[in-house]
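Letters are used for the chains, namely A, B, C and D, taken in the order the chains are written, and counting of residues starts over at 1 for each.
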Amino acid sequence: MAKKINVGLIGVGRMGWVYAEDLAYRVPQAALAAACDTNPEIEEKVKTLGAPKWYGNYRDLIEDDAIDAVAIVTPTSTHREIIIAAAEAGKAVFCEKPLSISLEEAHEIQRVIDSTGVFFHMGFMRRFDRGYRAAKEKIDRGEIGSPVLFRASSRDPFRPSLEYMDPRHSGGIMIDMGIHDIDLARWMMGEIASVYTIGGVLAYPEVNEVGDIDNAVVTLEFANGALGVIDLSRSGVYGYDIRAEILGTKGTLKVGYLRETPLTVLNREGVRHDTVPYFMERFERAYIDQLQNFIEHLSAGRAPSITCADGVADLEAAYAATLSFREKRPVALTNP
Amino acid sequence: MAKKINVGLIGVGRMGWVYAEDLAYRVPQAALAAACDTNPEIEEKVKTLGAPKWYGNYRDLIEDDAIDAVAIVTPTSTHREIIIAAAEAGKAVFCEKPLSISLEEAHEIQRVIDSTGVFFHMGFMRRFDRGYRAAKEKIDRGEIGSPVLFRASSRDPFRPSLEYMDPRHSGGIMIDMGIHDIDLARWMMGEIASVYTIGGVLAYPEVNEVGDIDNAVVTLEFANGALGVIDLSRSGVYGYDIRAEILGTKGTLKVGYLRETPLTVLNREGVRHDTVPYFMERFERAYIDQLQNFIEHLSAGRAPSITCADGVADLEAAYAATLSFREKRPVALTNP
Amino acid sequence: MAKKINVGLIGVGRMGWVYAEDLAYRVPQAALAAACDTNPEIEEKVKTLGAPKWYGNYRDLIEDDAIDAVAIVTPTSTHREIIIAAAEAGKAVFCEKPLSISLEEAHEIQRVIDSTGVFFHMGFMRRFDRGYRAAKEKIDRGEIGSPVLFRASSRDPFRPSLEYMDPRHSGGIMIDMGIHDIDLARWMMGEIASVYTIGGVLAYPEVNEVGDIDNAVVTLEFANGALGVIDLSRSGVYGYDIRAEILGTKGTLKVGYLRETPLTVLNREGVRHDTVPYFMERFERAYIDQLQNFIEHLSAGRAPSITCADGVADLEAAYAATLSFREKRPVALTNP
Amino acid sequence: MAKKINVGLIGVGRMGWVYAEDLAYRVPQAALAAACDTNPEIEEKVKTLGAPKWYGNYRDLIEDDAIDAVAIVTPTSTHREIIIAAAEAGKAVFCEKPLSISLEEAHEIQRVIDSTGVFFHMGFMRRFDRGYRAAKEKIDRGEIGSPVLFRASSRDPFRPSLEYMDPRHSGGIMIDMGIHDIDLARWMMGEIASVYTIGGVLAYPEVNEVGDIDNAVVTLEFANGALGVIDLSRSGVYGYDIRAEILGTKGTLKVGYLRETPLTVLNREGVRHDTVPYFMERFERAYIDQLQNFIEHLSAGRAPSITCADGVADLEAAYAATLSFREKRPVALTNP
């Protein structure tokens, strides 16, 4: 068996803990070698995963020569600083989406990744979901002919806290939420030429307080002429509903599901089943498969499956979608 | 049993024949009293439906005092002339969609209907499909809270002939095809404030010859702030796929189906079932239920379920969607 | 157009009225030429279907030389007498299931049909449902390899009246209800060699009063070695649920559906849709297609699709299933 | 955090390895403290799971005082000897199904478990599948009223090796395969009073060589009068298909699914999706949840969720089903 990749995990909040367990247990070629968080109370919990080193400061982790790669699962505002430090120290980098909420920062990160040449994997777990993956393979094999329309929905079962939604931290609904669909759209259809967005505060009046919206529809024109539309909602109160459809000239592909428990109840009120509660139930496996892919490509000296340039391009499109909404006009992307 | 309404059918082409049979057999309070077509060869076939009178000219039919109402199923370009003649003769009128492909004509028709005060039912059979109808009832009862998003797809399994698609006759994809979804959108969500359209010739290059497109996405902003999106395709080659979803603050409603035969085949290639071939398989019952509604409302002295004003407003929105595509900008509707 | 077949309908109760409308309107080559019922009040209603002759006594209808064929939709206890009279008068005969509840009567009918050589179609509308028909075609084409298992459920949404259920009139649940599944089983798999039945009064204690049961499971061994199982229920309170599955060595076929309106509701309680209310919603089309087939085969001089011998064999199997339940042992059929 | 339970795993074949990983990683309160297999080559692989002790002989593992509990995943023929040794050493025991293929052995095991009073969990992972579990909860809460019918299918996508199928080792299809459904039936409906089985070699003629069958249908009469039917197949070539339905007087519950990837493909051949490949894809989570339950109940001093008596009763019913097939008669269970 090949030597394991020693991964240092930076950020062990709710999402970071999932990465910690996945790295410790579910990715055979990876070792969770160290963890770092500003909250010292997590140290003991992390140790139960098999004695990884603990750092209170990410810079110390990065300086640890035993660490081959870092996985960054910190608040987005810290990404730039940590990525640059890790890249300059020569570590391979995995970074959770979004790369940044600032285009300037994103471009700066891109330059550093380019100049240092480190392996950088931009985290978009949906690309590793078995449904999306199988769809992509079928598109690439020509099974649906020429793709004509990308049509996706992303719906959260409830809104995040207003603090979380505040565009100063989240970047707003396009960057926080829509960027997943934008990334899938680019992956499956090609680069985006222009976008047009409508939206509003339609479900939670208090969202006006922070200056974000809770529902939106974004149309996409791809550089190759194909069409796209994404609808985003914070008020999919019936469950976590993530779907996409790719219509081609020979058929269509539908990805997604909306059922958690394999039980159907039939009574006088009709036929009924449950829905998917939230993102971890839906994408648990995709997170693992993404880490697996990160480690495999890194080990094998292959290029990362999702690049820093993807992170930048996705952000540019999400920015354009935000601008389109504000200025009520279609916005062309500069270099699709 | 109340006296039957004597209906004169004007236009007995492919679609008109369906109306002829429905009026003769499936709408108890209606009698197919007369039929009219410029093609004399149809007379004999129509007679098999139980001896209706035959006219080679619609004006003669309209002058027949025994006729209470006319059902107009002729080419769209003839609607204005026939409707006006029938209205001025005091006949109740049923007219297949679209009202016209000309806004000027549509407004003229509206004025005549208003001034004569005749009963006028604008034909949009989807409003009588049991799925859409049940959805509308649930929305009206508040079962999904406040409607937030209207999301619809209309896909034909193949393109019509180029002659049919020619915008000089059909009005183009928005008016010929999108008007159904526009009508549903207005019915379920309220009036449309502005539209934005993208589209292209993506499946059949020869469609460029007649100046239409084969795929389009239209976003809708409703006057009440809600959002909408319609995607239209002439290349839904897998089957006739007509769907809508209405997302509200308390739930979502999905209308439509994509299966004809109640047979599921499971073998080594997976689980498979068929699709709906075309519109008559999907909406056979809706056509009957619409005629039934026309006759019932007329008999009972109630207002028509779909008015001439609906036909005009739908056409205005379809026009705006066409204009938006041509000028690549959002288009506001003048008086939503 | 070929001459229409003049059909005389005998029995115009609830079910008979459906036949009346179908013969009058929906089967092009048939004419509803006469109707007969012991209830004189129905005469006027029948006349609205286009002036058929009316008879208060079936013998008069049978003697009418203008009548080519009779459709018998009377209570089962009268089948023998009417069929024999019609056959001896040389009329083609369509008879609703079951042929009889008495094996002796069934054999007598068979002898008369054989000796007179009249065209006799045994009514089992399920064979004309598009799902079952497509399944049968796939089996015959070898698409699922060699059939291994026939597995069917028939569930009524509520129990019939006790008067109706009384085995002295209905023959009991096997003959009244299970005979449909037995007929499908024979059609798809081949003749039945032996049966074993369990059952009981599990949902409606009052069913004990009339000596029938409300739920049952019948296993079938076919002469070719294949296996079968049918479950019957009068307490499918969630809807009318008629399903079958045919497992073969290369795949499996599932027939049936359990949804009426194409509307899916998703809210915090989950995903929900309605069910099929009752048999007419489920099999409306199959009844029409069966009559169409009866008329077509009769017109074309082809053998009937379902023969008197089928009716007899189905009844023999239903009898054996009843006997098995009573004697708590497997029962072999005498001449499968 | 409470002290972890030290589990010694006996048997590290294909299935045992799954248990090894689950105990090492996915059951928080368990520690994989030791492993044992007669194949010495597995030692190194097991060590990668975090340094458990290794034994070449189960008796040494059982004598290890550091071990709290054993999990037995060895060939069925060794169960009796290992269970008795472990019980006499006072270890808690988890044993994969079936308990034994010999009723005499099963009774002997039961006596030792009773006399030693050790904690014994009989492994039937389906009871921990979220679908079956939710169904059981709904039944217990009365949501479907009084259960009337238990109806289950178990279908393997291909047959096991003839060596595996040989009834001298497997006990035959009822004991190897049907025992899962029998266990679910008893759990959901209550004790079984009598059984009747039909079956045959219908898909793989070579199965005759070892004296087993490849398809069977078993009807069940429960002591409370309810009905049941199980169909078993080694030729579900379209996928791994495990379903159950419980019909009650107020509704019905359907458990199971038949789809692996959340992708639907629609093209001219219809609508298609994949199936579940095999048992680990279907029940991966249930195996983990079962071990979790074993550890939790053991830690908390609660009775095991599935007892040795369940294992014995399931085996008795499977034996009766086998006898019924051989003697072609219903077989009553002695003490339901």
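Quick note on the criterion: a contact is a pair of C-beta atoms (placed from the backbone, for glycine too) under 8 Å apart; a residue touches a chain by one contact, two chains touch by 3 or more.
What you are looking at is a predicted structure, and each value in this text was computed from that prediction instead of being measured.
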Next on the checklist: Please compute the angle of the rotation superposing chain C on chain D (C-alpha atoms), rounded to a multiple of 5 degrees.
Outcome noted: 180
Checklist outcome for this item: Note, CA centroid farthest from chain A's centroid sits on chain C
Item to check | Centre-of-Cα separation between chain D and chain A, whole angstrom | outcome: 39
Checklist outcome for this item: Distance between the CA centroids of chain B and chain D (whole Å) is 57
Checklist entry - Considering chain C alone, which of its residues make contact with at least two other chains? => result 237-238, 241, 250-252, 266-268
Checklist entry - Which of the residues in chain C end up touching chain D in this complex? => result 146, 148-149, 151, 153, 155, 196, 198-200, 202-203, 215-217, 219, 221, 225-229, 231, 233, 235-238, 241, 247, 249-252, 328-330
Checklist entry - For chain A, which residues count as touching chain C in their complex? => result 237-239, 241, 258-259, 266-275
Next on the checklist: Using the touch definition from the top, list the residues of chain C that touch chain B in their complex.
Outcome noted: 1, 24-26, 48, 50, 129-131, 134-135, 138, 143-144, 250-257, 260-268
